[in-house]
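Each of the two complexes below includes chain A, the first together with chain B, the second together with chain C.
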Partner chain A sequence: METVECRNKSEMPCALMDCITEAVTSTFASIYGREPLEKDGSSGASDGDSVLGIISLVGGLQCSIVLGLPRETAKAVTAKFAGFEIDYDGPDMGDVVGELANVVAGDAAGRLESHGIKADLSLPTVARGSDVEMIQQDKTMSRLVHYECTDGGFWVRISAEARPTARN
Partner chain B sequence: MEAVQECKLPQPLVDGVKGAVIEVLDSICGTSSEHAAGEHAELASGVIGVISLIGQDAWSMMVGLPKDTAVAFARQFTGSEVAYDSRDMGDVVGELANIIAGQAAGRMEAAGMKANLSLPTIARGNGISVPLQYELPSVCIGFLCPQGDLWVRIASAKRSPSRRFRPASSICRS
Partner chain C sequence: MKIRAMVVDDSRVMRNMVMQSLRKTRLAEFEFVEAEDGADALNKFNPNELDIVFADWNMPNMNGIDLVRKVRAMANTDHIPIVMVTSEKAMGKVETALDEAGANEYICKPFTVEQLERKLTDLFSQIAQNQQKASGFFSKLVKTDA
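Now for the complex of A and B:
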């Protein structure tokens, strides 16, 4: 089940939502061998330490994807993704979470292209913090999806400015 | 702690962002200057705004405002009180990031580096730090305005950077 935080829920492009959530599911399924479960969630706030992977798609649409990994989930997921243990507080965490965001966004971009929506990926940006809360802006639509994988929970926030325009 | 690798960033990018920050802060706050003490992308408590630009190269910019600076800046920017934990604070910091990036993009375009802006992403939290990403040279520049200190972190890469880490799973896409 998804937590919907759209100020203009009806305008959130379905293709965008579908492509990104499918990309998240597919990426984590490829890491774990099984799909993560969507679960109930109530807010965009993360209690305790977490690391964020932030990446944008620019082109036929404007959207951003934030992958939020609580500390323990981050340590477990990055170890499986990279193939070796990653120190949560070390610099490698930035590279691995950035690359994970890149894989999710790249998968989503490929799916969007099959819908006629071409978009380029931005650089991934990674930030660590505690009690981190994403703030929705007035002119954006946003949706927060919580997941549970084998090693713990994580969330993905999708924000978009406008409907994507299909290219002929 | 953030490593400074300014030498690896395109100088027009660094100069363009620095100039844009000073111009924007001067116009909003009256005056501003570079502030050496703010050269680490860390916040004990504050708001970050992230915006990316995609052109021939890709670059990203993160603006970091400590809590007190964010509140004072929002008051100066809007002419009214904006609560730190309000949604409006996101709009203020998002707009600041957008204006700076837009100004910087204009300067970059004049230098022959045209780029499109992404949506800004805004987050609030405690103990914020930005881990170094090996393949992304970055620099963090501190600034000081009458409302307090803030920093701007810039990272840049050629398009389609190679990956340092490969997914451990053999079925993961490359």
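Now for the complex of A and C:
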């Protein structure tokens, strides 16, 4: 899987980044009982089969979150989350990864609220494929964060409009 | 105690997750009615045959919060606790569900069986009291008839 480097990493609002990365950490800590480790951005890239949970936050800001789970991580994390084994190639994988994206975004929205930013969740979308390439658009800034949890690596891509403004 | 619970979620896996987690608690024995969204839940809703409702927030057709409002607008539903089981964590949403719409409890995903037990213990005591009152009422009716 190829990832495109962040072009405007320094412009990503700290509150947004913090809220989403804290939401990811908190969600996986709830599932595993321990926090995932944030890894250096370029290492641990997930080539091969992956499932992606995609969700947006809208309202006081425009932001999208992509949760990338390589096959083995996806199988392990979804089993932990749901409490039973989920077939990687079956339709249930979409349900669980979509819900996982929903949980991360819901947690982030709760944290953003404490910064005075009201954000609503879109319905999640889930994609499954091999060597999926994420392409950054010109008008967005994006940040890719890699994590390592007990059952393997995963990544989160956060994309936001260049100059978020309060709309609530 | 036997509990008749409705579980409302558009995801079959998530309904299973809630039902399995409830079965793992030591709160009660469960008999479940499943609904795929708020509209499906309303179609299947019978206040005389339900003890509690667990509803997701974000669902197509009719979301969980509209379901709560519609159930609370119906007669004779105050005794049925409605628990939101959702990933929506914003305090504004919690307040909307509990204070405005009339939900009784709010559980954020992901949750553990222990967290579920802690959140539901009081509600289940209330359900047990309701069941005792109802059985007392019916036994009086039977005696009166006799």
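Throughout what follows, the second predicted complex is superposed on the first by the 151 of 168 C-alpha atoms of A that agree within 3 Å, B and C clash if a C-alpha of one lies under 4 Å from a C-alpha of the other, contacts with A are read in each partner's own complex, and residues count from 1 in each chain.
Methods note: contacts are C-beta pairs under 8 Å (C-beta built on N, C-alpha and C of every residue); 3 or more make two chains touch, one makes a residue touch a chain.
On a predicted model such as this, the values are computed, not experimentally measured, just so you know.
Look at A:Ser56: by the touch rule set out above, it reaches chain B but stays clear of chain C. By the touch criterion stated above, A:Cys149 is placed in contact with neither chain B nor chain C. Shared-chain residue A:Leu67: touches no atom of chain B or chain C.
Of the two partner chains placed around the shared chain by superposition, chain B and chain C are both touched by A:Ala82. Note on chain A: of its two partners chain C and chain B, the one contacting more of its residues is B. With both structures placed on the common chain, the touch criterion links A:Ile117 to neither chain B nor chain C.
In the superposed model, A:Gly98 makes contact with both chain B and chain C. Of the two partner chains, both chain B and chain C are touched by A:Ile31. Once the two complexes are laid over each other on the shared chain, residue contacts for A:Met141 go to neither chain B nor chain C.
Within the superposed three-chain model, A:Val132 lies in touch with chain B and out of touch with chain C [touch as defined at top]. According to the touch criterion, the shared surface of chain A, contacted by chain B in one complex and chain C in the other, consists of residues 27, 30-31, 81-83, 95-96, 98-99, 102-103, 106-107, 121, 123. Against chain A, the residues of chain B that register as touching in their complex are 43, 47-48, 50, 52-54, 58-60, 62, 87, 89-91, 93-94, 116-136, 155-157, 163-169, 171-173. On chain A, the positions that touch chain B within their shared complex are 27, 30-31, 33, 49, 51-52, 54-59, 62-64, 66, 80-83, 90-91, 93-99, 102-103, 106-107, 120-138, 140, 159-161. Contacts from chain C toward chain A in the complex involve residues 11-14, 16-17, 20-21, 58, 60, 86-92, 108-112. The touching residues of chain A, counted against chain C in their complex, run 27, 30-31, 81-84, 86, 92, 95-96, 98-99, 102-103, 105-107, 109-113, 118-119, 121, 123.
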